[in-house]
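There are two complexes below, and they share chain A, which is joined by chain B in the first and by chain C in the second.
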Partner chain A sequence: MRKQNTNAFTVLYYAWIILFVILPVLLLLFESFKNINGQFTLGNYRSFFESGTYLRMTFNSVFFAIVVTLITLLISYPMAFIMSRLKHAQFWLLLVILPTWVNLLLKAYAFIGLFAKQGTVNDFLTFIGIGPQQLMFTNTAFITVAAYIEIPFMIMPIFNSLVEIDQSLINAARDLGATQAQTMRKVVIPLSMNGVRAGIQAVFIPTLSLFMITRLIGGNRVITLGTAIEEHFLVTQNWGMGATIGIVLIVAMVITMYLTRDRKQGGK
Partner chain B sequence: MAQPIIEFKNVAMQYGETEVLKSIDLEIEQGKFYTLLGSSGSGKTTILRLMAGFLTPTGGDILFNGERINDVPPERRRINTVFQNYALFPNMNVAENVSFGMALKGKSKTEMKAKVAEMLDLVKLSGYEDREISELSGGQQQRVAIARALANEPEVLLLDEPLSALDYKLRKTMQYELRAIQQRLGITFVFVTHDQEEALAMSDWIFVMNDGKILQNGTPVDIYDEPINHFVAEFIGESNIVPGVMRKDYLVSFAGKDFENVDGGMRPNEPVEVVLRPEDLDLVPIDEGKLVVTIDTESFRGDYYEITAHDDDNNHWQIQATNQAEIGKRYGMYFDPEDIHIMRLNESEAAFDARLEQYDEES
Partner chain C sequence: MRKLMKLTLSILCAVLLLFGFKTWCEHLEKQSVAAKPTAGKQKKLTIYNWGDYIDPSIIKSFQKDTGYQVDYETFDSNEAMYTKIKQGGTHYDLAVPSDYMVQKMRQEHLLKPLDHQKLTGFKNYDQRFLNEPFDPHNRYSVPYFWGTLGIVYNDLYVKPGSIKSWNDLWNPKYKQQIMLIDSARDIMGMTLASMGKSVNTTDEPSLAAARGKLITLMPNVKAIVADEIKTYMAQNEAALAVDYSGDAAEMLDQNKHLHYVVPNDGGNIWFDNLVIPKTVKNEQAAYAFINYMSRPDIAAKNAEYVGYATPNKQAKARLPKHITQDRAWYPDQKTLNRLEPYENLGPNLTERYNDYFLEFKMSN
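What follows is the complex of A and B.
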């Protein structure tokens, strides 16, 4: 009886995987080999790799994703470290997680309110005598908002890996003659690398395909692969080309996963 | 007398309102094996952490070779610790763990390699340099932890219940090996345990702790034979404790009879507690015994029989006998005058020591 139940669940699980993971990817792959008139062709891939525009877009996506990931990491690691040492760590973690429950678009609109010509930030800049600046539709604005949105996804895995480090390991390092800085470098940071890797995966990959932010905050000046996919599917209706870019994006994600995989510690 | 290597003067430790240590005075001398013995929450681990430098005392002074070290951080103390859970770095292999301290001091590669080999040899793990920590058994991890702490050439090695996670046989082996390592290197060991057998087997000197205070300190034999009070007597080994009255010097009354003994220096007719160790009691024919007891239970323990009995005054006795006895039958119980140990109620350690010394001179 129980055995049958488990089987029923596995069937459900496989059905889910096939319907919502494997089939869509196959469809995407299939679609990427069709031109705008529905004939089979390798033309989409040729035009992707021959056209400077698409390569520039790819480069842009990767570049911005790297910048956003780095900024997020630089802010998140110290923050996660401090939080892990605080008394009510779980409470502070909740405060970090809270914004992720708010819809992405709502947060983007909130930033429009902050960065607009007559927004809060410009009001302040005027007040201290700098005068209003163009903030919206700049690369800086795009990076700031993207980093803001991704920070919780970087902090969570790092925080968890830091909390898991046994305090006695830190005591042992100090006991053996390591200063606080040496303990940090030789023990704490190496032992939290799993969290850092998970954080990079959780931030870099979604940032590659961010598109609403590029429009709302970046004003379509930053064109990433995500924006390009949206354009092809919804505006130019060239599904084949959109699917091709989608495949490129998936390959980029696989490469990222591979580079940040959990390598067996030490060993030869 | 030689300068003590570690000295606690009136050391107190409080966490908020909670007093973990109350005015501890102790002296640790060079080259001996010390044990802090107590149940959990007695403050023994706190003392170790104060020595290591993970805690700063809220009162009193800690001296190292005569210098105050209250505020010296752990990395600048010539004291190393073997942690209860070993605390080996999982991101490093055995050799990297053992050479961790030396690498920080900037020792050369060849020097480190030689020292790692020497230390692994000392703990009988030669050739384990390239093993990962996750590949080692608990006992091997224990040895690596000892090698790592000793590779730093400390003057004092602190051991925080290092054997508690090992099985019985391995624990016994490690007790011998630790003692051998300590004697070979001639450095001071401070060992923390709640296991009285372990403490008696390994130590030169034992501090018995309870509730943030040192109740008694002395050699294993002193503490076993002359426990200062009810708590120490119960904690160190099995004991029979019955109420009694000290009629006069060398005469004590308990279980309704007067017995000759070897203690003195008390008021006439002072109420006391009488301690008799189970292994000092013998079952003999009724007419040869000093007391008559009825056997209640008996259980076989391998090397002896654990027997419980009661006398006609309804005091309960534990007896360790080599021969079997019959349940419900009456026997005589015999003990020598030296086997009777007297504890005064609420006697301080200083007064206790003074009285023992005085009695020693008289006898």
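What follows is the complex of A and C.
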């Protein structure tokens, strides 16, 4: 009886997954084999991989996503570590999460105010004698803003995995004569790897297809695949090509998931 | 488990409460509409227009003068409007598509032909703005406003009068100073115009040449942005911008240093037009509104409020001289003659324009 009940429940979840995960991906795949006149063709994939423009765009997307992920990781890990040792850890975590409550577009516009020619940062640079710099529409500006937006998503999983570490393991390591650095390297970091992996996935994958920021902050001087998808679906209405780029991104994401998978469990 | 149940229940309660609130609000809204004296099923006119594109007092006076009750809905892009009308389920009596969209909707039989017998104000329009290639003999549309694509410059960085032609943008002294509107059709069109070609060019060698010329503009380009261009220009962020006259009018209102020029070597002239979609419910009211908007006094009032150029000759005569003599908004005949409206190029050429534009964007 009980078993049947749970089965009835799982049907719902299967239906959900089929309707909202598998079917859309299949539709996307189906669409990607259609050309602009609705005929079946491999042409979209051919033009993607033969075009220097799209390949460079793919390279750009992956490159920026890697840089942004690295920067957020470098900032987030020490921060999460310190936070997990603090007394009111939950309060600090709340402060980290707080910016995610603000709409992404508003944050981008706030950065425009900071980075503009007569913005706050340039006022400060002028004040200390460096003089105004071109900050908007540069790679640096794009990376800064993208990293700022993604940081909470990196800190949260790392923080959670650090808090979950049994304090007695660390005490044991110290008792057995490990130095602080050794404890860190051999105990804390390996035990928090799950959080790091989750963080990398949570940051790398959305950054790969980020597109609003490329226009608002990057002024379209930074072009990623997200830009191309937007254009194909909205302007050209060449859904086939847009879908093809979407499939390429999905493949890139699957590769990321595979590379950052939990190897211990995979080996069993 | 208990906790989970509680949480689920409270979320459900919140949803129910919000839903109830929404229904209540809608109920109130309906009541206030029904309370109006002119309400009635036969008397309703549904207009689908761009946001902030009519003087609200005109709708009020139209309701008072004719007894129709106007239901005014807005859209923010031609494509969004097209999709909504094409998919049906809507009952718009009037819509305001741009030129190329009129052509597309006309070709797809989404528009009702106009009965010129019923158009009382058609003679008020300037012949120059009628019988355009996107709708020969105005069988389906009546022009509402028109405008141009041009160059906005900031006199803090650019000497007034030094910008005359599109080719001035290629001047090496404007390194990293130009903002472009993020639109393949406009930027490719402006490049084609700078080469003395039509903005509706279809032959491959000309398009490839335009792509090559456009790429050489990249060192001068500061950014390729959409609506934000208005904010940036108002904040003196860049010296020059390529944008539509409508956007330019908004920028100029915010910053005294900005000026708008229509280059003398051709380019785009655009029209927004009143059309009656196939979804029309109250045709009589639609004609009443078109005729009302064609009245010189009403069209002049509307043009003053919206700030775009009116195609209504009689209305233009009623506008203050400082508006109608401003070359930026009403270019002289010679410049005007070189401007062309966009034609619907079909999917393959649209794709070509976009691919070249994308290559240009990637070229830095």
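In this section, the second predicted complex is superposed on the first by the 250 of 268 C-alpha atoms of A that agree within 3 Å, B and C clash if a C-alpha of one lies under 4 Å from a C-alpha of the other, contacts with A are read in each partner's own complex, and residues count from 1 in each chain.
Following the convention adopted for this analysis, a residue touches a chain if its C-beta (ideal position, glycine included) is under 8 Å from a C-beta of that chain, and two chains touch if they have at least 3 such contacts.
Only a predicted model underlies this, so the values are computations on that prediction, with no experimental measurement involved.
Superposition note: with chain A as the common reference, chain B and chain C can be accommodated side by side. With chain A as the common frame, chain A serves as the apex of an angle whose CA-centre rays point to chain B and chain C; its value is 150 degrees, to a multiple of 10.
In the superposition on chain A, contact is made by A:Thr53 with chain C only, not with chain B.
When the two complexes are overlaid on their common chain A, residue A:Gly129 makes contact with neither chain B nor chain C. Counting the residues of chain A touched by each of chain B and chain C gives the higher count for C. When the two complexes are overlaid on their common chain A, residue A:Thr179 makes contact with chain B while staying clear of chain C. Of the two partner chains, chain B is the only one touched by A:Ser168; chain C is not. When both complexes are overlaid on chain A, the residue A:Val187 reaches chain B alone and has no touch with chain C. Taking the two complexes aligned on chain A, the least Cα distance separating chain B from chain C is 28 Å.
No residue of chain A touches both chain B in one complex and chain C in the other.
Touching chain A in their complex are the following residues of chain B: 52-54, 73-75, 79-81, 83-85, 87-93, 100-101, 104-105, 132, 148-149, 152. Residue ranges of chain A in contact with chain B, taken from their complex: 166, 168-169, 171-179, 182, 186-187, 190-191, 265-267.
Considering their complex, residues 79, 176, 179, 182-184, 221-226, 228, 231-232, 235-237, 347-348, 350-351, 354-355, 358-359, 361-362, 364 of chain C touch chain A. Within the complex formed with chain C, the residues of chain A that make contact are 36-37, 53, 56-57, 112, 116-118, 134, 136-137, 215-216, 219-221, 223, 227-228, 231-232, 234-238.
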